[in-house]
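Take a look at the structures below.
Paired with chain B in one complex and with chain C in the other, chain A is shared by the two complexes that follow.
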Partner chain A sequence: MNIFFQQVLNGLTLGSVYSLVALGLTLVYGILHIPNFAHGAFYMVGAYISFYLAGSFGLNFWLAMLCSAAAVAVLAMLSERLIFHPLRNAPALHDMIAAIGLLLFLEAVVQAIWGADFHRLPAPYTQILRFADLTAPAQRILIIVAAFILMIGLQIFLRRTTTGSTIVAMAQNREGAALVGIDPVKVSLLTFAISGALAAVAATLFAPINLIFPAMGHLVILKAFVIIILGGMGSIPGAIVGGMIIGFAEAFGAFYISPAYKDIIAFALLVIILSLRPQGLFPSEVR
Partner chain B sequence: MLQLEDVKLNYGSFRALDGINLSVREGELVVMLGANGAGKSSMFLAISGLRKLSGGKVRLAGTDITRASPNTIVSRGLVQCPEGRKLFASMSVERNLMLGGYVHRADKAGLKTRLEEIYEMFPILREKRDDHAGSLSGGQQQMVAIGRALMGRPKLLLLDEPSLGLAPLVVRQVLDTIKSINAGGTTVLLAEQNAYAALQIADRGYVMESGRVVLEGSREELLNNETVRRAYIGG
Partner chain C sequence: MKLDSRLEYGLYAALLAIAVAFPFLASNEYQVYVMALAFIWAIAAMGLNIIVGYTGQLNLAHAGFMAIGAYTVGLLTVDYGVPFWIAFLLAGPLAALLGFLGGLLSLRLKTHFFSIFTLCVGYIIYLLIEKWDTLTHGTVGVIGIPAPSPIGPFTFDNTRSVYFLVLAFLVLAIFVKRRIVRSLVGRSFVAIRNSDELAEALGINLMRTKVLAFTLSTFYAGLAGGLFAGFVRFLGPDLAREYHTFDMVAFVLVGGIGTLMGPVLGAIALTWITQSLQFLETYRMIVFGPLLILLVMFWPNGIIGTYTRWQARRRESGGAASAAKRKSKELHDEARANV
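Entry: the complex of A and B
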């Protein structure tokens, strides 16, 4: 029972991190139809900023996470203004090339500052929580709870507030949104800011049980793409459910099949689900 | 209230608008007739700032809005109910309407009052307020689209083919509503293929062909014009 519970916990932990990353990716895709490969670099930069603030300035974990989210939000807005906005009338391929360029650039910058070594962010809570005969490390519970609070918060923001609705409106009908007076520039900036902040929070939450290194975003972003393809490009529930599916598949696959195949499982699942449901799980939730 | 001076619009090498001149005076209901592809929708999108003009000028209440962004144009009181409605399909009817009042979002009380007025105009929308806009019938979606545009408190309302795809009885209803919106003080520019029905409610009209205005006149002049009768009314 305890072993099974551990896998559920691992699945939820991984799923939470993946969902947060995929949410940012799907939001940007829904608005601008850009596959933002640089999102993996936002994730990586988020982890480094938290690591730097906590390590060099002794900042508290939560404060470091907050500052990192703000910094990456600004970085994401800058990349929208300086890179993606000027390309809005160019063929889609240009956006993709620019996004890969940005990914490589940010990795090079981080490597120049902090080197190529592995780092680790000290865990803020090292306790082991016990419920009856089940045990759970506090950091994992923290990841899950924080991720769920953020996902619910994001849903409320998008569905219930006027500012949030502008994002959904623009994703559903760009011209319709312009005709009611929604400013597409503001919406794009806001979407990139949220997307960047989510990536930084996900990276910071995950960093204490994971390693920090310049290429840490690669596998995460590849999986986030698997998730949003599975969930339906631009779909918010799709990103959450897709993230959980991949998280659980990895956790259970690693334990019951082999840890060596952990990363292959996500992609195998993509092939299987897309051959059964080529439109994804939630094809038209947002658009 | 609205003047177009020698307005030109190109899509690549295709000239969609070829020197349009027209004006709409305050309080008028002006109809724009023309077959599919005559350039009515292109003209409307250009007026709203969604297409960049290749030449000419657009003035709203004396101000040049040729290069203004769509959101600036909406906040100046020119609101469009576009062809194909362009609703936010998976949002509720009420959320669609409230987003229509986006430029007035600071005035919460005003938006509530306006929403009530829309529900009085279209009682069915009150019943369906929580339904997804995309799940409504064509006529009801058109009501949402008109309601959404009215939430922007237009001084000038552009309506692009509001009767497209609707049953004849619903067309009548929609046009009556447009007439009463105009009677309430909103200036209206209406694009229609349904010439006879549209001319019934209009003060004046223009006829467009291949991106040009080929005819203009009062309701009576157009109703009695041989070319209009033959081409658009069928009799």
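Entry: the complex of A and C
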């Protein structure tokens, strides 16, 4: 029972992190209409900034996370202004290559500052929670709770506030949104900021139980791509459900199939699902 | 038209002469080594150009297929004692066979769904090579791959001789690709790039043509991988990583996407640029990343694309000028007739 519960907990933890990253990616997809390959680099930069602030300045975990989210939000907005906005009329291939250029640049900068070594962010809460015969490390519970609060908050923001609705409107129809008086520049910037902040928060939450290194974003971003394909590009509930599916598949696959091949599971799942259903699990109208 | 093609052949001959003379002009063996490596990447990038440049499908698994070709040669020669050339002959076809199967699966998807799917396929290839260590030696890599065995009087035991071997394959690859892209098949690739629906309306079987382009491109990748194994003689799973695919996309883009010689020029130019940034060591991506971004922003057609556009514009304006002259002469004649 306890072992099974541990896998559920693992699945929820991984799923929460993946969902947060995929949410940012899916929001930006609504603006760019291309997958942003640099999103994994935002995730990585977020982890490093938190590590730097919490490690070198001894900043409180939550404060470090907040600063990191703000910094990566600014970075994401800058990249929108300097790279993606000027390329908005170029073929999709060019956006993708520019995003790859940004990814290579950010990784090289981080490596120049902090080196290629592995780092670890000290966990803010090291207690182990117990209910009856079930045990759970506090950090994992923290990740799950924080991620869920953030996801619900984001959902309320997008559905219930005017500013949030402008993002949804832009994703649905760019010209239509502009016609009813939505400023596309402002909404693009806002979307990139949110997406960057989500990536930084996900990275910071996950950092205490994971390692920090320049290439840490690669696998996460690939899995986030898998998630938004499964969940339907641009779909917010799809990103959350997809994130959970991949998280659980990985947790249970690592335990019941093989830990060495756990990273293949997400990709194999995608290949199998898309081979059977080329339109994805939750086909969206934009395709 | 006649003059143009004569000019083209002259240009090819000049390029070939430079390539043949290069080892004798190079100041050290290392430069020859770097150039030969650039040629190998050029062959792989030419393959990528078939699917990305001509057919318009951004395949991000290309390095994976190159690794399959390389590992075919590496594993067969080292673990199974197969002679180099037999293993080498299998590299291209095996990569193409797996490419055919991969193409059947992945080409049912369009645009960036296809790109992400192939990115995942590439990652699966990488992880399989890394984890399946009983077959592939895992992270240790394949060490001690034999050099290509002699063919008749030609031996390939030093860098210069392998350089010429690689050059021969590069010339062959360019020749075959020229035949492909100028054939009806090559034109159907371009038709698909321009518009799926239009191509289908012209009676092109979309799926079959795309799979053919994918298979051809993976054959080139496998061939380049086989040469890589015989030249570098050491293989690690990193060869399949996505950043090698990104490198090749950059080669194609810098040289000129959808052009015959573009990937070759791009591979050579970028290899030497990276070499000259070598003093920055691991930080050279700090320069290379922004370079890539600036390139797609301000110079998206690459070396060849920019040149042909400039030429087309010149011809057009020249044509416009002569047309205007003809028109004015006509008016003049008309005016005279009326008098």
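Note that the second predicted complex is superposed on the first by the 283 of 287 C-alpha atoms of A that agree within 3 Å, B and C clash if a C-alpha of one lies under 4 Å from a C-alpha of the other, contacts with A are read in each partner's own complex, and residues count from 1 in each chain.
The working rule: a residue touches a chain if its C-beta (ideal position, glycine included) is under 8 Å from a C-beta of that chain, and two chains touch if they have at least 3 such contacts.
From a predicted model like this one, the values you see are computed outputs, not experimental measurements.
**Q** With both complexes superposed on chain A, which partner does A:Val226 reach: first (chain B), second (chain C), both or neither?
**A** In the superposition, A:Val226 contacts chain C only.
**Q** Considering only the touch criterion stated at the top, classify A:Ser165 as touching first (chain B), second (chain C), both, or neither.
**A** Once the two structures are laid over each other on A, A:Ser165 reaches chain B alone.
**Q** Under the stated touch criterion, which partner chain does A:Leu179 make contact with: chain B (first), chain C (second), both, or neither?
**A** A:Leu179 contacts chain B only, not chain C.
**Q** Give one of first, second, both or neither to describe whether A:Ala70 is in contact with chain B, with chain C, with both, or with none.
**A** So A:Ala70 meets neither chain B nor chain C here.
**Q** Is A:Ala123 touching the first partner chain B, the second partner chain C, both, or neither of them?
**A** In the superposed model, A:Ala123 contacts neither chain B nor chain C.
**Q** Can A:Leu103 be said to touch chain B (first), chain C (second), both, or neither?
**A** In the superposition, A:Leu103 touches chain C alone.
**Q** Return the chain, chain B or chain C, that is in touch with more residues of chain A.
**A** Between chain B and chain C, C touches the greater number of residues in chain A.
**Q** So, does A:Asp263 touch the first partner chain B, the second partner chain C, both, or neither?
**A** The answer is second: A:Asp263 touches chain C but not chain B.
**Q** Which partner does A:Ile141 reach: the first (chain B), the second (chain C), both, or neither?
**A** Neither partner.
**Q** Do any residues of chain A touch both chain B and chain C, and if so, which are they?
**A** Common interface on chain A, chain B vs chain C: nothing in common.
**Q** Could you please specify the touching residues of chain A with respect to chain B in the complex?
**A** For this pair, the touching residues of chain A are 162, 165-166, 168-169, 172-173, 175-183, 284-286.
**Q** For the complex, which residues does chain B have touching chain A?
**A** Residues of chain B touching chain A: 45, 48-50, 69-71, 74-75, 79-80, 82, 85-91, 95, 98-100, 102-103, 105, 148-149, 151-152.
**Q** Note which residues of chain A are touching chain C in the complex, please.
**A** These residues of chain A touch chain C: 34-35, 83, 86-87, 90, 92-94, 96-98, 100-109, 111-112, 116, 218, 222, 225-226, 229, 233, 260-261, 263-264, 267-268, 270-271, 274-275, 278, 280, 287.
**Q** Could you list, by residue number, the parts of chain C that touch chain A in their complex?
**A** Against chain A, the touching part of chain C is residues 52, 58, 105, 108-113, 115-117, 119-121, 123-124, 127-128, 131, 242-243, 246, 249-250, 253, 257, 282-286, 288-293, 296-297, 300.
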